[in-house]
């Protein structure tokens, strides 16, 4: 079973059981964003976590094997088209130089890792319109001279 | 004076006066990321704020006029190459579908605005390596049927 | 049932029943353009509206579920090729800077939302050749400093 | 004088004289969007109109010659990056098939001309947020068999 | 039956019956280039003509329905690769500016329509090598100020 | 003097002397389209013809040398953007396969040369709107087995 | 049977019968490179030659029909990736301007035809490493003024 | 002096002295194609050869230094546009798979080097039209398992 | 059996038998990176080695035939997306000019072959985080004048 | 002084003083590849190292400031064209999946860092042709679940 089939299986099970990523995350002790990314095939799970995901979603053991596999990460469109995802791309385009300058002023020459990294989505309720709070947390890696 | 010349003038002044975005932001009462984005030419300032920026950086009045102008936002590379900015692009590519699903599960069908939007960079000190905390805060805009 | 299958099912039903978007829109109390976009899989319907669409087009309940799903919006060609769609792309290319200037002169720095948005197609009869009147109506979103 | 120099000259004059496209359009009897497009170098003016524009903006006769020249229309980015212009591109991408279907249902096989064409921008004031009303008006051209 | 299946059906029938586009065109009173384009799925036929094409090629009624459908025109390669088609693309690239200047000198600012348009292929026999005569005939559409 | 400078010089002279391509072509005994293409730098002239062009347009001898040089042909946009030129590109895209089939049915396997090639632009006056007649004339080159 | 199926059939037969292009070419009196190109679907064969190829490779008559068909030539990657083919592309990139200059110095303004064209591959044995000798032979086509 | 300036200097000198690549090559004992490629900046010359080229073309010593520099090879268009160079690209596209198969059948798995490589242009006079004979000679490099 | 099917077969067998590339390489006397590349279909094996691979992985004889076939090498994305592979691409982008200069300073004008080439992956254990040691070993090929 | 000007200054000084990267590296106690990358503007130096580089190459203090600046890394061609650099790109394309599999088998799910990273170029003398030994050394970064 490859990652694509695994993803279809898990998303179908989640819909059938009417569970949210929030609930699945809570019941297995992981963050909802990470659980979603693993079910979408963009992260690998440890055997232990894979088993838990399969238990919550009542999936076959071969789904757990697929969850443990190390993914080859890829995406369809170099420039995303879906409006929600495009807005994030636009933020990177518009504010990329700004963020580079502010981060490197604070940390020195280096990058924010996208590997030693986590993410969180929160909802700020507001009568003028709720707001999405997206938090990225990555280790700073300094360039080293050699 | 166009935005490009304005940017060169302001970055040179900032270097000459050895100020940080943090300090400039504080002294004019705006966030450091926003101040940087305005000086990079990616946001327009109100006349009042433009004047304050010019005062802190000892710039000519025509720089203030340039800060007030509404920018045409553009970036050089559809797929960014600088490693710090690429990592952000990679996050959007790898986690785009995941974020869409988690956000829409929480908010319904719609997007996180990149216009009614703010951003913040924080440093989490950690003996195993400091971490960058990047917070995006955007209004949720629901699609409406008509 | 995914959006693609839903679309094929609904377009086939519409052809079989010889209904126009105008008629379907009228019978369910929505605009014809919106109804078409939902059947093409580019917008999600509320449960209530989804049921009505399925009733008019005599479709199975799983089609209603597909109509309710939040779509991942994508299109085939970055530069459209079909002549009708290309002409719209050409308008954006030729008049993009012009529209930006005229809109921002009237509203300030910001954008016209494509989310809090509606559209209408009308026919102006004219002996020298009928004319298409295409109306776009989007909320103005101002950039905010922070 | 080429179209680019003409554009810089006219936009600078407009800023200096603090005129809006609305006001310029009114004073010469043309639509504000069309006047802007001609000054941006995307349409040619008749000698008479070119002279009027130059009179309002106090420009030299060679600017009038440049306004009369037939432009070679081009734009920088196949996929626009400025957020205001991108939103229009997104509308074409997301709703292109829908518009094609709705228009051709009303008019038969053919296209909406982008040449025998006009456009208008209006403001709808609304306490919940003003709205942009963008109207495109193009002749319908039917395909003919031969 | 979609346009692709229709095309396979009609081309196979044409090969089986050993008919040329010339002959099919003559027998139904249309130009050979137009008939070919309709059978390739790039133009729609009136019910009457669709029926005639099906009669000549002994095709089922559903093929006629497919011939009447309004096509979504698309092509595989932005820059064509087949040598015969590439040569035409090369002509547009090499002589595009020249043609624009010569046509607009004769007609004013505007375009040659590709919609209100017809085309013809003729053979000029020549002992030094036969020549292809390709004639494009399109309505001139002037830009109008508004 | 390179081809670009030559082009600017010749187009300026032509405007100054208020000559059309038609008139220049007639006075030197060549076709107007070819003369335009040579002045645009897309074809080389024989010494004799180069001298004649320079005489008509009162240009310096070094312009004649530039006219004689063999051009490196190139164009800016793989997919043209100017509406007049795009319409020609669209014709190649929409009708490419059709033309290939009709030409090869008449001539056998091979191509229409874009080198041993000429072109003509004519105006057909018509009360319902004048028409552009564009004629391409290229030697047929058969593929040979070896 | 289309060209792709024909190609699979012929390459499989060639492998099964352990024949080389050299041997097939010799037995039917054609060059090995041409025979390979025809079996790969990049050239059409005369009925006579098609029959001979099918005889040598013991293929069905419908394969002969496919060999006679005029191919639509296309290739997968605008910039080839296979190292052997990339090296040829690199030669065109690195030496393109050089070859243009040397050829046009010898022949005048024009091109080397890729249609009235043949090619040959030879092996030069050499103790320091064998060498590939690739010979391209194309008719020179002069541009003609008109 | 960089390669670009060197190229302009050498091509201007060659034109002024009315020398051909053939003549320059002969007088310094190198092939005309190689000499052209070195003067175009696509190959480096040994100090001895660089001096000879400068002597023949009466160039300054700094030109010799530029000829000795190791070039960074690059070309403008991934897909060439000049018709002469495009035809060579087309040959690689159309016959790439064929050549790979024929070469590897003769030599085993490996490539023809574009580094340990030479090239030659010859003219075959023919009353039906002269022919260009282009010969590529590259060392065969076998892949090695390790 | 083509290379793709061969790859699926061999990777499945490797997983079933729980073997590492290290172990397979050792048992057949080849390097683990090379064995992996051959099983991925990116190198051809000699009959002898192919048989050994099939023996270790208990694969059918037709898999051995597929291992011996000369591959057409290709990859999916011109700019890789998987983070591990992208980092290697980034190294080539960031350090390409540097490496060219350092290598050519040491070796003269020429390249490092990617054909007469081998590669090795080693692990350097380190309490602060293990390190990957990637060694590329390629023959230097000097450009030769001719 | 920006990185580009700095690079020109330092490369010119290095040529004038006839120093190699090897010698410069040795005299300041850093690796030759790293020194080259810093002088090419692809890495930042500490104030101390920047001063040493300027001393060896007799450069002005403002060059030292430029060496200390944090670079925005970018490269010209997504797919490199210079043959030496392309060969490295080809290695990533051909062996990318192989390396991913071999590295992750040894280290688990994660990447080799291109930031906490160093590189070395060595020469292996060999009578059959010298070999380039390129060593990449990067910290392994494991993905972490969160």
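Every chain is named by a letter (A, B, C, D, E, F, G, H, I and J) in the order it is written, and numbering of its residues begins at 1.
To be clear about the criterion, a residue touches a chain if its C-beta (ideal position, glycine included) is under 8 Å from a C-beta of that chain, and two chains touch if they have at least 3 such contacts.
None of the values given here were measured: they were computed from a predicted structure.
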Subject >> For chain F and chain I, chains touching each >> reply: G, H
Original post:
Which angle of rotation, from 0 to 180°, maps the CA atoms of chain B onto the equivalent atoms of chain J, to the nearest 5?
Top reply: 70
**OP:** Calculate how many whole Å lie between the centre of chain C and the centre of chain D, each centre taken as the average of the chain's C-alpha atoms.
**Re:** 23
**OP:** List the centre-to-centre spacing of chain B and chain C in whole Å, with centres computed as mean CA coordinates.
**Re:** 32
Original post:
Where the CA atoms of chain C average out and where those of chain H average out, how many Å apart are those spots?
Top reply: 55
**OP:** Indicate the whole-number Å distance between the mean C-alpha point of chain D and the mean C-alpha point of chain G.
**Re:** 51
Subject >> Multi-partner residues of chain J (at least 2 other chains) >> reply: 72-73, 75, 78-79, 81-83, 90, 93-94, 97, 100, 104, 110-111, 113-117, 141
Original post:
All pairs of touching chains?
Top reply: A-B, A-C, A-D, A-I, A-J, B-C, B-D, B-I, B-J, C-D, C-E, C-F, D-E, D-F, E-F, E-G, E-H, F-G, F-H, G-H, G-I, G-J, H-I, H-J, I-J
Original post:
Any idea which chain F residues touch chain E in the complex?
Top reply: 20-22, 32-33, 36-37, 40, 42, 73, 75, 78-80, 82-85, 87-107, 110-114, 116-117, 119, 121, 123-124, 129-141
Original post:
Quick one: in the complex, what on chain H touches chain J?
Top reply: 72-75, 78, 114-115
Subject >> Contact set on chain E toward chain H in their complex >> reply: 79, 81, 83, 86, 90, 93-94
Subject >> chain E residues within the chain G interface of the complex >> reply: 76-77, 79, 81-83
Original post:
Across the complex, what residues on chain A touch chain J?
Top reply: 30-31, 34, 38, 43-46, 49, 70-72, 97, 100, 104, 108-111, 113, 115-118, 141-146
